[in-house]
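I have placed the structure first, in the form of structure tokens, so that the comments after it can refer back to it.
Labels A, B, C and D are assigned to the chains in the order they are written; within every chain, residues are numbered from 1.
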């Protein structure tokens, strides 16, 4: 069985981490392509200043996406610190997860360009929801299939809770986009929900 | 001979793996550039929703390319788990292989934009065929030149079969584009052939 | 406490370095996208030559950004050579730092396109100031929280000085953009300040 | 002296290799952006086929650049196999080298778009000349400063010759662009000079 060419019960988790780290580093850096230098035919200082001001939603999308991707990268690393073995199911869960991670630059550009509308914000939150829920499913799979450290099993309940926090926030953010008066202030404010992460983290840790 | 500056019989396979992992992580993440945020002058919720619907072929191209590249990355890693030594021929086979791997973002954009036509779908399948057949040639070269583990030699026949599965599917997919009535449904359906991979994999494993 | 899933006092600095190296390699290579091949309808040798000449400010932005990012990468590596442990605060300082590192391709395009104006040059220098000051804050935090080697503590004062050098140069460069007659020569010359780095480095080393 | 924060005589060559590998993987993968999916308003099979044919120079630029960058990556790895120590001068030689490596996607796009003209081809060859000569200078510096293995010193002369081969080919290629009748056939043929690499390599090895 060990010699089976297609047997992958012995996947080295380090190898998955390498792919994950690569995709994250690139997705993070591609976010900047969502802030496009305006093409101005007869520029002046005032016009260039205004162009930067007009890019503020793009900068906002850049910063929040960078922050959220970093949070997910951090959680993934915490998980893999405890994962001693990987199997086929985990590999494909992680690859499906990367599909949505690598999609974030698109979602970020979408809210950068049309952040005042509801559709792009819902799309952005759904993208983050998919990332969060797949990370949760990966951790649950790792616990259930005995792929983790013993130390992690003792603490599995808070860890699962922590992993549900992020997809829950995405659902709340989607709900927020339906608040009637939000339209006037701009749907982009729905992302403010994610700034709860540092505070919630401390609450779960204690 | 060992001191020969140009002697590369002692290539460390880890080094090749590093380049492979890098190119894959980037090619996977570049796929998202094939889903371009539409440029709309007077956007409304309905127009933005429609714009997302119009991007469905691009999302389809994104997902299927991400999935297929991941399959190839996985097979490459399985091969290199068994490869203990690399030589000049292997290095250049892998680099030629990467030429076609790095070309996938182009092919994915091509079917994303013009997926209803036969030419882009044939191009996409030919690209995947080249990737698959080069992976097969690399494995055959490794077996024939004694660059692999002894354990792998015992199982070399099913491994070679597994490696021929993917290029065969690409040839079938090309054949499918010639089915007369496919034009009506859209040539993009020819890619459905690749969803046989998970099932075929199990068959070969057993 | 060791079993706490959310406890990250034991972050491996190597892991942070990997993310940093990835983001830098990509940011460096994305800089080239700021030099866009001109789209010419009826090209001649003379027109193509002129197109290259017109790209000179873009090449200048490319070279200086490549050089400055390399300097920051080098300093970061020097810091992490001395850092034996990482904590949560350091992780987020570094991620905030990467936000500004990954922003450099935008800033470089901005001065490449509109380098004769003051606003893009100030934006560029502010971007570099943010990178420099965050690197300084990271080092100060590492010293104050006892995360560094003993050998580094003995030499902490010159190290902090070295880390303040770069943000100071950015402030000087911003000041230079306010020199009245600079407008005539082009604000891009304000970047010349950074060429003092190799000389200042030697001064601090001695 | 060892405690000197700015002392970098002890640079780990592995660290430089990591940056080099990252920049190469990205530069190789960015080359594909030079093959842009044509934007066609009313596509037909014939028009799409013609669009692919029109992209042939871009594919040519892609393949040759991929091949040449791989050759340089290979030589760099051979050098670093023999380099046991790095110093400040080597670090900056390599970074300057990477400046020109990361520029190749631009040069490749340039010959892809305007390959029938002399200027883009000379630019391309000059770019490769810079890469080749810097690699030669790095190796000479390594030999002269005693940063290499003893085994390498014994074979240093053929190694230096091998390193001069590539910049020489670039100079020949520039010369070829001045052949009067080349204009009729297209200046892109000047790149054919580089196909001598595999043959020359064998000659030097023997």
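As a convention for this text, a residue touches a chain if its C-beta (ideal position, glycine included) is under 8 Å from a C-beta of that chain, and two chains touch if they have at least 3 such contacts.
Predicted, not measured: the structure shown is a model, and the values here were computed from it.
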item: Touch-network distance, subunit B to subunit C, counted in steps; value: 2
item: Between subunit A and its twin subunit C, rotation from the CA superposition, multiple of 5 degrees; value: 90
item: Interface composition of copies subunit B and subunit D: same or different, split at half; value: different
item: Farthest chain relative to subunit C (centres taken as mean CA coordinates); value: B
item: Whole-Å separation of chain centres (CA-atom averages), subunit C against subunit D; value: 26
item: Interchain centroid distance [CA atoms averaged], subunit A/subunit D, Å; value: 36
item: Residue numbers of subunit B (touch at least two other chains); value: 22, 25-26, 30, 33
item: Chain-chain contacts as defined at top; value: A-B, A-C, B-D, C-D
item: Subunit A residues within the subunit C interface of the complex; value: 21-22, 24-26, 28-33, 35, 37, 39-40, 43-45, 48-49, 52, 62-63, 66-67, 70, 73-74, 77-78, 82, 151-152, 154-155, 158-159, 162, 201, 204-205
item: Partner subunit D, residues of subunit B touching it in the complex; value: 2-8, 15, 18-19, 22-23, 25-27, 30, 33, 91, 95, 98-99, 102-103, 105-106, 109-110, 113-114, 117-120, 123
